[in-house]
Each structure stands twice: as C-alpha cells, then as structure tokens.
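The following pair of complexes shares a single chain, chain A, combined with chain B in the former and chain C in the latter.
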Partner chain A sequence: MFAYVLRRMIYAIPVLIGVNIITFLLFFMVNTPDDMARAQLGDKYVTQQAIERWKVDHGYNKPLFYNQTDEGMKKATDTLFFQKSLKLFSFDFGRSDSGRDIGHDIKQRMWASLAIAVPIMLIGILINITFAMLMVFFRSTYLDISGVVFCVILMSVSSLFYIIGGQYLIGKLLRLVPISGYAGGLDAIKFIILPVVVGVISGIGAGSRWYRSIFLEEMGKQYVITARAKGLSEITVLFKHVLKNASIPIITGVVVIIPSLFMGSLLLESFFGVPGLGSYVIDAIRQQDFAIVRAMVFLGTVLYIIGLILTDLAYTWVDPRVRLN
Partner chain B sequence: MSDSILDIIDLKLGFETSNGVSPAVDGLNLSIRPGETYALLGESGCGKSLTASAIMQLLPDDAWIMGDSEILYEQRDLLQLPEADMRPLRGKSIAMIFQEPMSSLNPVMTIGQQMSEVLRLHLGLSRPKARMLELMVKVGIPDAQRRLNEYPHQLSGGMRQRMMIAMALAGEPDILIADEPTTALDVTIQAQILMLMQDLQREKGMSILLITHDLAVVAQMAHRVGIMYAGHLVEEGSADDFFKNPLHPYSQQLFKSLPNIHKRNESLATIKGIVPPLTEVFEKCRFASRCPYVKDTCRNILPKWPNAQHKVRCHIYDDHYKNLFMQLDSDDNQKARNGLTNDPENLLSAKDLKVYFPIKKGLLKRTIGHVKAVDGVSLHLKTGRTLALVGESGCGKTTVGKAILQLLPNTEGNIQYQEYVLNDLSYNQLKPLRGDLQFIFQDPVTSLNPRMMVEAIIAEGMQAQRRYKNSPERMIRIQQLLDQVGLPRDSLQRYPHEFSGGQRQRICIARALAVDPKLIICDEPTSALDVSVQAQILNLLRDLQDELQLSYLFITHNISVVAYLAHEVAVMYLGRVVEQGPISQVLEGAKHPYTQGLLAAVPSIEKRHAFQGIQGELPSPANPPQGCHFHPRCPHAMGQCRKKYPKSSGFSKEHWAKCFLYD
Partner chain C sequence: MPFKLVILWTDGLMYLLVVSLVFFLIWSLRRLHIRRAWRQVMCNGFGVISLGIILLYLSVGLMDSIHFRLLLDTQNGTKHYSVQMESLLDLALSPLGEDEEKTYSAPFALTLYSQETQIKPDGVHSRIYPKLKFSGQDLLKENKTKGQDIVSRIIDSFLWAFFLWSMGLIVATYIKARLNATSWIVAFKCIAKGYSKVPWRLTLVVFGLLLFIIMAALNLAQEYHILGTNKVGQDVFYLSLKSIRTGLIIGTLTTLIMLPFALFLGTMAGYFRGIVDDVIQYLYTTLSSIPGVLLIAAAILSLQIFISNHPHYFATMTERADIRLLALCIILGITSWTGLCRVLRGETLKLREIEYVQAATALGVGRFKIIRQHLLPNIMHLVVIAVVLDFSMLVLAEAVLTYVGVGVDPTTMSWGNMINSARLELAREPVVWWPLMAAFGFMFTLVLAANLFSDAVRDAFDPRIKG
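This part shows the complex of A and B:
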C-alpha cells in the first residue's frame, strides 16, 4: 500500500516537470518579460528604462535557462527557469508581479473556495443520487421519461442563466440573501447559500443522468436477477445490491475531483464576489499577473494528480476485486 | 393434473417487435411432478429461459404474457398473483440457479452476506451463521467458515455454482429451476454439480426443472423430458421412452447430429437451415422449414398437442394426417468418408515447449515466481491428421496453441515446421510462414471485426500474405472459398452481425483457408454453437481435411467431438501432457487415472444415470502440487506419487502415459 503510493508519486514527477516546462515556455518564450513589463506598466508611453527597472524589481532580468555571468551552481540557479518555475516544486510561489505573497494569498483564500465547493459537492451528490434512484425505480414509465427530459433541459441551460436568475429571484425579488459578497466567520453562511443553491441546481442535469445510467447498467446485470429470484423486494435490490455496485464508479468519480475543490469555481466566485481561489485566478488574468496564473496552474496539476492517486486507493477500498500490487 | 406440483397451461408470451408482438413461447403446456427432474431441452433462443422466468415472474420488462396463460402452483395462478404475494414464493417455494455462476453473484458482497439474506428473509433467522455453515457443508464447500467472508471472485467456478445451490436450498424450496447450471463448467466439475443435485433431490424430495441444451446431461439427470423448438413444446415423455424412441423429426435429427466414436466413418447428419428468427412469421409447424418429411399440410395446419403419455406435436403421429406420410422420404444427407491412407509424415513437431508467465510484485515489479502454463509439452502434428488436445479449463491448452504459432513472447522449446525451426526465425522471416499456420477461435462473435465486411475480412490475410496479384484473381478465390465453407455468395457485402453463430464460424474458417494453410489450430471452434450447427461445422472441417490434407490441432473439452474427429489425442493436466495416443486406444483403454476420470465424467447417452467424476478441482498452475501433479485428486495415489513426477511408460508404439502405476 505504502509502496504503491510511493511509486505513484514517483511516476507523478515527470508529469509535473513536463507541465512545468510547458507553462514556462508558454509564459516566458511566447510572452516575454518585456511584454509583461509593458502590460504591467500600461501599454503606451513606456520607456525602455522603465521596462528594465520593472524587470529588475520583479526578478525578470535574468537569462532563461543558463546564466553565463555567474559561477558554479549559480550558472543554473540564477536563471528565470530555476527561480520562477522550478521553485514551484517546493511550493515556494514567490511574489506576484504586483508584489503580493502568493503563498500567503492562497492560504488565505482557499477557505472561501472550500466553503462553497464542498457543500455544492455533498448536497449535489445526495440530490443527484436520490433523483437518479427515483428515475430508475420508475424506469421506463412516464415518470422516468419526464425525469430524463427535465435533466436534459437543466443541462442545456447555460450556468450564467442560473447565476443571474438566482441573483435576481432570490437576491433581488425575494431579498432572502445578499446578491453577492462575502464575510468571514459565521456571517459567511448567508453569502454562501445563494452560490451553493445555484451550483447544485446547475449540476443536477448532468449528475443525475450520469448516475441514472450507472444504475441502469447495474440493473441489467445477472446478479440483480439472482437477488430478485431470492425473493428480495425491489427496494432492497436497489439499495442493497445495485447501490453497492454502482457506488464503485460513483465514489471513484467523485474522489478524483476532491483535491481540486481547493481551486474553487471560476464562474461562481467571480459572479458572487467570493474571495476564493477561483476569483483569484480570474483577477490575475484580468491584471495580466502571470506569476499567480503560473502558480495556480502548477497547483491545479498537483491536486489533480493527487486526485488520481486517491481514486486508485478508493478503488481498492470499495471494490474487493481490486488489489494493489 | 392433481398429482403435479406445478402446471403451466397454454403459456404464451412475446416481445414487441416491428411487426407486432412475436410469440416467443406459444401455447406451452407442461406439468412438473413432486420429486421429479423435468428436463426442458432446446437450442439457444427457443424460449427455455423465458419459460423459467415466467414461472418466477421475473420476465424482462419488454416481455408480455398473452392469451389465457396460466401457471398453477398450489391452486394459485402465479401469473395473476400481485408482486407482494409472489415475492414470498421466490427463493422459498421456487428457487433458481443460473448458467454463469460468476455474474450471478453480487461481486461486492461477501458469500456470507448474500446467503444470510435468504435465511433472514424466508426463515426469519436473525443469526443465520450456523445454518449457513450447515448448508455449505451439504453442498460440499470445504473450509466453509473462511469462505463466508470471501467474495465471489475468490472462488472457482465450481465453488460459485455450489454457493448458488446452497443459496437456492436455503429456503427449502419445492421446486428448483436450474437454467443451464453446468454449461459454463468443465466436465469434471459438471459431473460433481449434477451428482450433487441428484443427491439433494433424493434427500429433500424437491422437483427440479432442468433447462439445458445438452442431450447427454438430460440422459443422466431427467425423469421426464420436454423438447422445445422455436417456442413450441414439440415432444414430451418419460426419459426412458424418449431415449428409446424419440418421435419428433427434430428430436431424431438431434440424436443423429451428435458426434460420437461410432460415427467416425460417416459425416454427421445435419439439420439444414437455422432456427427461424422471432421476427419472422412462422409456418404452422415451426419446424417445417427444416423438416425432411415436410408436407404442405405442415405449413398450413398446426399439429395438435395430444393427450398421451408420450406426446409429440407432429402430423406424422396424428391419425388424421398420417396417411400423408406413408413413405418417409427423408433427404438423408449423410455420406461416407474415405478411409485413412498410409502413414502420414510429420508436418510440425514441438519439442519440450515451455511457457512461463512471470508473477510480478512489489515496488519494482520484481518477478517473484512463474505460472507454468505450459511446462514441457512435446507434440507431433501429421499431414492430414487431427491431434486433439483435451483437459480442464486452465490446464494450458490455448497457451500451447499460441506458443506453437509463436504468438507468445516467453516461449521456450523447439518448434520444427517443415525445414524451418520456428523459434529461431525473426519476425520478418516468420511472416511468409504465417499463412501456413492458422488459428480459429472459440468465439466467432468476438474474433470478427464488426466493422469490416465479409469480403474485407477474408481478403485481409490474402493481402498481408501477397497471395494474389490482382483483385479479379482474388475475387474468384474468395467466391470459391464461400462455396467451400457453404456461405451464400451474397455474403461478401455484409457485416458479421448479419450472420448466425454457425455462419460466423464459417466466415472464420474461410478467413483461415484464404491463405492456403497447412495447419489450423482450432481452439474450441464449436463450443459456442448449438448441436445441430456444431454438426455442420464438424462436417465442414472434416471435408476440408479430406480435400486439402489439412492438419488440425483441435483444442477442446468435448470428448465426443474428439471421439468423432480426432486421430490422436493428448490429455493435458496442469501444463503437461499426461497421456497421449491414437484415439481408439486412449478412449477404450485409458491408462492414466486422470484420463479415466475425465472420460467417466463425460455424460453419455448410451449409459444413462451412470457417470462419475473426479474429485476436487484443478490446482493453481502457479503453485502445482509436488510430485505427480494429479496426486491430490488421484484415487490410486501412492507414497512415491507425492515425491517425484512419473516418467512416461509406453503401451504401444504411440500410446504412453505418465503414471507410477505402470512404472
């Protein structure tokens, strides 16, 4: 078990290095430090001196991969690639182009992201499974068909509609909760409710249909017939036999995204003014602050890889047929 | 009627199709008596399993019961029973076991959990453990205590089926419905399971409805027999009457199409055509399109189901019509084969073949051991002859076939083909020889690419082997091949799914023949087919052998096919050949205790209620027993058998076995 996790982590290193190099190339070769400086300083009326000064202030004045002017190890370490890209491996994110401590920002903002993403996931799973179970229980009746139609309608509506509709209906007309914004501590609750409701609703269509197809696939299997032939009631068959088997793809499908919950939701956070990591990225892009974007891309990759490892571990936990070797 | 426990009266059920509802089971009448085994026999798709599901009220969602069907059990019509009243009967009064014991068990629940459900539900036991252990001992599961906490995948196929039986017995049912309970199992395990069912029936007095396609299993098990064809019951009678004197033309044809050793010098009778598909409009007698005695009357008037001891649905036995059939002019299609000629020469010799699959473990995937799938096998394949390779599943038969064709990387040993040593050749040197050596697989469905048309499938190998320069030449050859394997000429522009199982196997054979092979390795080529279709394929393989002097390595577990087809047979056990010899010498004078047990486990039609089996199951090839691999299951095992592996002892020029009894 331990050996397995270790091996997976070792396998992850080349992937991370690859991602690291690619983002580095994208951010430094395609978009050179000069371009960054110009963007930061305001496009027009920038003198070359101002650019150079900005680059020195922000540490962008070094060569890309190899520093000829330095000695020994420093030839490699005193470069952009080492300072700006490789350091990400030690989760040392450095300062943003506008001078903020990225690591500190992340630590501070991730709680707001989690406060929204975790309830959306948990409530969403509960509602989607219940809804899917109901459709499967009434399979090939009008109830099931209407359920599927309802899902398809939910799916084809854009999330923006849910956001704006929710803000208008609940926030503006009914005045139940604030339209947007955030506060720390217990006060957060009244700001969280609306984005969570919107997040859950916009996920019902796709989620329930996915779960329904998993359940239906299981329903077609021979062990279900055996269970019925034993005299078990349909409810027992569904909840004991089918749910247990269906939970394998469901749990593993959910586990893979759990680490990524830290990253928050780009859309919801920026529309509801939640100061989480999602809106952090959006703001950074808007301000052309590429140090932040780079850090977040790297972090996202790491979390995704952790998600994949957790998925495999989850398999061995929920599926007795899978044993690690 | 009063002496029966279950009466099916005029059962009619069908599916919605594009041309209306098609009656998949049509007017079926049968009664099951207490304590008897009623065998319902028929080819795939004839409605056997639907009948069983109708009794259990577990029909698929899109099946409809029609007309005035009734299924009477304890004076109640099960078809009218509301679900709430039906449920308590399932598993309690009527229990069921299925063909595939792996998929029939819930993979993520332990054996104990699945079994305790039944005991809690039907017997109200809150602590069912003691009773579970009792049941498991009864069905012969060793080490029951430990098994309770295991999952289905940790059990062998035979053990899983025993588990299913234990679960079915838990509610102490009056009727046990067994739907092809042994089809997925080896003959040795089949014999064990069937004997277990007989013993349990004797003890508990329950009735068994045994659904099967295997006449020989019926011969061993049944008290009464019903023959189904395309949704009709066409014959019913006591097993004694039926086996002495089968009446319906279909039943008679079934017997004729069974391969066995006495028919070696003739081709098998085949039933022409195929079972009419459900989507077609049936003729009145549904067998009319395939019956050798058919008259117009048969197509227009439905033969009656008489009230007699030995019933048959056929006009020949109806006083009203029987003069129509004064002389029975069947177009008997059996033809004699030419006898064998002089001593054939060796085409291919494999010496000391070894295939070890590494078992890997740990952080660095170290090899910690080997599965010795094939461990020193030597075989000689002769021009124009068939060598059969038999043994239980997992003994390494398929691996031998693949190793001979150099399809496995980790193969040791020497394979001499004509003047070539195959194992010394590089991939490119081997390529031109690939055409000479062909493979036909067990499952004709998965071995054909569903997105290629038949023409492309057959032509593919020709192109790879650069057989024909231009396409007209190739086209002529492809047409010739179609005729040779008996496929209609318009097959070329069709896809595999448009063909029946037997036709698909013909496509596979045509594909193999396309490159003019000298040797074909046939891996269970007929085990996925119905008996009547099997006969067609076996005839085809033999005709082709006579015509083209082909050699076959015939891998199978079906001894009667071996008896009919093979010239020589090699018996494999755990990666090694334990006995080999000419077919008649091995079948009539088997020397190795394993061969003897294997042959005794084969159910036979001639000797009814007379089979025995081998105890135990095939051990894991990763960890074979010390000494003679067979000793844990051998009734004659002696001290030395546990210490070393026996050397071969000869009985005639070509017949030998490896056993200390002859040392």
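This part shows the complex of A and C:
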C-alpha cells in the first residue's frame, strides 16, 4: 500500500514538470516579462526605464534558463525558470505582482472556499441519490420519463442563470438572506445558505442522471434477479443490495473531486462575493496577475493528482476484489 | 460588383465544417449499420424535433457567416467600400440592426423605459417618457392602436405560416406516398393518424408551430422591438440572433479542431502501444490534470497581451474579435481532446485483439490500412456521441468563460456578453429583465435541443444500450 502510494507520487513528478513547462512557455516565452510589465503598468506610453524597474522589483530581470554572469550552481538557479517555476515544487509561491504573499493568501482564503464547497457536495449527493433512487424505483413509467426530461431541462440551463435567478428571487424579492458578502465565524451561515442552495440546484440535473444510470446498470445484474427470486421486496432490493453495490462507482466518483474542493467554485464565489480561492483566481485573471494564476495552476494540478491517487485507494477500500499493484 | 466578399477566419472554417459534415453524412449513409442508426434517430420524436431546431439555428448561423462590404461609390475607377462589415443575416433582417434607440425600452414598448425632462415650446419643463424613434412609426400613418396592429400582424403571419405549412404537408405526403408506393390519400391518412415509424405527424405539428413563431417574430420585428432594446439602444432580438453564430462557432469549431488530435493520437496509442502509447498517455495526462478554466485563462491572457502589443497585425476591430474567437476555440479544443482520446485509445486496444484485425494482420495488410479500414469505422460511433455531447457543454461554457473575462471579445455579440451586462440591469430599479430573458431563451432552446439530440444519438449509436 505504502509502496504503491509512493510509486504513484513519483509518477506524478513528470506530469507536474510537464505542467510547469507548459505554464512557463505560456507566461515567459509567448509573452516576455517586458510584455507583462507593460500590461501591468498600463499598456502604451510606458518608458523602458519604468519597465526595467518593474522587472527588478518583481524579480523578472533574470535570463530564462541559463545565467552566464553568475558562478557555479547559481548559473542554473539564478534564472527565471528556477526562481519562478521550479520553486513551486516546494510550495513556495512567492509574491503576487501586486506584492502580496501568495502562500499566505491561499491559506487564508481556503476556508471560505471549503465552507461553500463541502456543504454543496454533501447535500448535493444526498439529494441527487434520493432523486435517482425515486426514478429507478418508478423506472419505465411516466414518472421516470418525466424525471429524466426534467433532468435534461435542468442541465440545459446555464449555471449563470441559476446564480442570477437565485440572487434575484431569494435575495432581492424575498429578502431572506443577504445577496452577497461574507463574514467569519458563525455569522458566515447566513451568507453561505444562498450559494449552497444555488450550487445544489444547479447540480441536480447532471448528478441525478448520472446516479440513475449507475443504478440502472446495477439493476440489470444477476444478483438482483436472485434477490427478487428470494422474494425480497423491491424496496429491500433497491436500498440493501443495489445501493450498496452502486456505492463503488459513487464513492470513487466523489473521492476524485474532494481535493479540488479546496480550489472552490469560480462562479459562485465571485457572484456572491465570498473571499475564497475561486474568486481569488477570477480577480487575478481580471487584474492580469500572472504570478497568482501560475501558482493556482500548479496547486490545482497537484490537487487533481492527489484526487486520482485517493480514488485508487478508495477502490481497494470499497471493493475488496481490487488489489493495488 | 456592388459588394466585396470578406472571409473571416472563422467564416472559412465554418464553410469547411459544413463541407466535412456533408462528406461525413454521405460516407455514413453508405454504411448500413450507421445508416440504420441514423434512421433510429429519425424515428425518435425528440430526435427529429431537436434536429429541426438545431438546423434552424445552424441556418441562421451560416447566414451570419457570409460577410461582405457594400460598395459606396466609384470615383474615377477606384471603388470605395463601406468600412462596416455586414452579413447576409443583417440584410435579411434589414432595418433591425440599424435602427438604434437611445437606451432601454421594454418589449413592444412605444416609449423609452426611463423618463426624461423635456422643454415644451411654451417653456414648461415636464418629465415624460420620450417616444421611440423606430417603434410604432406606421401606427400614426395608418391610424391604428398598438393592440389592433399587433393582432392584425399576428393574423397575417398565421395565414402565411399556414400557407407554407400546407406546402410542407403536400411535400411530406408526396414523399410518404412515393416511399411506401401507395396513393396520396392513404399516405395522408397514415400521417394524420400517426401510423408511421418516422413521426411525421409530430414533426409537421412542430414544424407548423415553428413557422408560425418565426413568421410572427419577423413580422412584428418590422414595427416593434419585440424583445426590447438594451442600454445603448440596440434591438435585443437582433442581438440574440447575431449571438447564435458565436455560440455555434464555439460549439462546432472547437470540435473540428479537437477531433484530428483525438482521433489520430487515440488510435496511434491504442494500436502501436509501447513507447508511442507512453508518450501519448503522458501528453494527455499532463494536459488533463491542469484545471480547464485556468489553462484557458492562462492562454487567453497571453493572447490578450500579444494582441495589444502587436496591433498592426489586425486591420479592424472585427478581425481582432474574430481572431480572439478562433483562439478561444483552439484553446478549448486543446483542453478538450484528452477525454475523447482516452476513450478512443481504450476502444482501439480492445479492437486490435479482435479476430478480424488479427486476420488482416496475418494476411499482411499494412498497419495504416488496418487503422483506416478496420479500426476507424468501428470507433466512429464513439466519435459521433462525443461530438454531439460536447456541443451543448461548449455553448454553456462560452457564457461562463465570458463572465470570467476570458471568453469572447467584449465587442462580439454573444449570449455570454448579454448575460454579463444583465447583472447590473437586474440591480436597477425598476428592473430591466428582457436582455437576460432573451439570452436565456435563445441559449436554453439551443442547449436543450442539443441535449435531447445527443440522447437520441447515444441511444441509436451506443451498442451497449441496444442490447
């Protein structure tokens, strides 16, 4: 087990290096630091002097891969690639282009993201499974068909409309909760409710359909016929046998996204003014703060890979037939 | 010539796409099992209706993809063309694009949405709702009220729609009679009673409804802003129609760009295995582990800076917006080929062990011929399913990306941009709801049709579901 995890982590290194090279190419080769400085300082009418000063201030005044003016190891380490890209491996994110410590910002904003993402995931799974179970229980009746059509309709609505609609209906017309904003501690609850409700509703369509197809696949298996032949009621078959067996794909499907919950939801956070990592990314994109985008790309990739490893571990946990090797 | 054709990059690719679609249809109709699958799609009520709606959108989008600049005048041999680029759609909707009001006005309104202070000739100041420049012009001339005019226009368009619909009915009866080799009366009875595998009756009813709606909308749009006007006074109906092209381009061009990668690399990895497989697997694992939005954002940010630093590459604003749209498609394509590639690799791995491929290998058929003749036709169903599934996802993604600020250019007419501006409009008092609802309606119809169509396609093409 431990050896397997270790091997998977070693396999992840080339992938992370690849990601690093891609982002480096995008941010330093396609656009030189000069271009970045110009974008930050305000496009045109910027003197070369100002650009140079900006580069020195933010540490962009180094060669890309190889520094000829330095001695020994510094020839390789005192370069943009080492300083800006390879340092990410030690989770040293450096400073953003506006001068803030990115690592500190991430640690601080992470909790707000989790406060929204975790309830959405848990409540969403509960509601989706219930809904899917109902559809499977009434399968191939009009109730099931209209349920599926309803899911397709829900899926066809852009997530932006759910957010805008929710804000308008619950926040503005009914005035039940504040439209946007955030507060620490227990006060957070009244700010969290609306994004969570919107997040859950916007996930019902796709989620329920997915669970329904998983349940239906299980229903076609032989043990279901055996269970029915024993004289078990349909409800027992569904909840005791099918649900248990279907939990393998469900759990593995859920585990893979758990690490990504830290990244938060881009849209929800930015619409509802929650100071999480999602809105952090959006703000960075809008202010063209490349250092933050670069750090978040790296962090997102790491979390995704952790998710994949956890999925494999979850397989062995829920399905004893699976052996890791 | 009184005009000069202008072919934008996305226009050219759109034509290429249509041509390749036609080729694919001809290719697939020649193969029995694929033809059977298509027939099954056509026998599905949802399939037919959604296909019809998609085709309707597609024709609007294609009309909007033929751009030209009108000839203004000719002075001693040199021709001067208008700076403004127009499309066939602009021409068809003629007065809609040009007649701009001052600011917001509600659907079917005759006055602006906000009050203005006006000074009357006798020097008295008064707060009134100013009359619109464009809406209800003919009402005064013909001395009718708004209600009378709307009703008479709806009746007019109903008659026209009914006339065209009867033509359609006659054609359908003719086709049905020829196909079944029966008399017209029998064929008509079949259709009317719904005794046919292809749901003719349903199709005709929906076709009639659509005709009526289109006719009524076009007729009423001649006189009113049927979906109101936006902040700068543009007609929202016109904007929504123009946005169709953007949505379609994102949904289809991305696929066109992503497909060669996925097909080529997926079959290569599955068929050759070994080091080729390792390299390709590494490539798609790396790309797919970057969060999609962030990769797109990173790429678009780089592009934005590139454009602003090299303004001399782009002659007009339209060209600049067009390049950005194309770049968005390319980036979306690069981020989305990995999923299909993985599926195709798995399928090829399975197929290459099957007897007929082994037999071909034993008989000495070349490797690339095996891929082309034996493997490609047998993974086509996966490609069709993936393409149709991706389409609706991409149309929705456009709006989200535009909101994040890494979507289409702010000057491009798109549903994403309409929704984006709607946020502030909803916060106004009184609320301006029509641009949001228009974008919602148009987008929802297309995505719903695409989703239903993809279900029909999957039911027909996926061999696992058939069993």
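Structural remarks
Everything that follows uses one rule, which is that the second predicted complex is superposed on the first by the 325 of 325 C-alpha atoms of A that agree within 3 Å, B and C clash if a C-alpha of one lies under 4 Å from a C-alpha of the other, contacts with A are read in each partner's own complex, and residues count from 1 in each chain.
In this section, contacts are C-beta pairs under 8 Å (C-beta built on N, C-alpha and C of every residue); 3 or more make two chains touch, one makes a residue touch a chain.
Bear in mind that the values here come from a model prediction, so they are computed numbers and not experimental data.
Contacts of A:A3 after superposition on the shared chain: chain B is touched, whereas chain C is not.
Of the two partner chains, neither chain B nor chain C is touched by A:I306. Shared-chain residue A:A229: touches chain B; no touch with chain C. By the touch criterion defined above, A:A291 lies against neither chain B nor chain C after alignment on the C-alpha atoms of chain A.
Among chain B and chain C, the chain that touches a larger number of residues in chain A is C.
In the superposition on chain A, contact of A:I129 is made with neither chain B nor chain C.
By the touch criterion defined above, A:V318 lies against chain B but remains apart from chain C after alignment on the C-alpha atoms of chain A. In the superposed model, A:V198 lies in contact with neither chain B nor chain C. Taken in their complex, chain B has these residues touching chain A: 56, 58, 61, 87-92, 95-96, 98, 100, 103-109, 117-118, 121-122, 151, 153, 164, 167, 171, 360-363.
Within the complex formed with chain B, the chain A residues making contact are 3-4, 6-7, 139-140, 221-223, 225-233, 240-241, 244-245, 248, 318-321, 325.
Here chain A touches chain C in the complex through residues 14-15, 18-19, 22-23, 26-27, 30-31, 35-36, 38-39, 43, 152-153, 155-161, 164, 167-168, 172, 260, 263, 266-267, 270, 281-282, 285-286, 288, 290, 293-294, 296-297, 300-301, 304-305, going by the rule given at the top. Residues 282, 285-287, 289-291, 293-295, 297-299, 301-302, 304-306, 308-309, 392, 396, 399-400, 403-406, 419, 422-423, 426, 436, 440, 443-444, 447-448, 451-452, 455 of chain C are the ones that touch chain A when the two sit in their complex.
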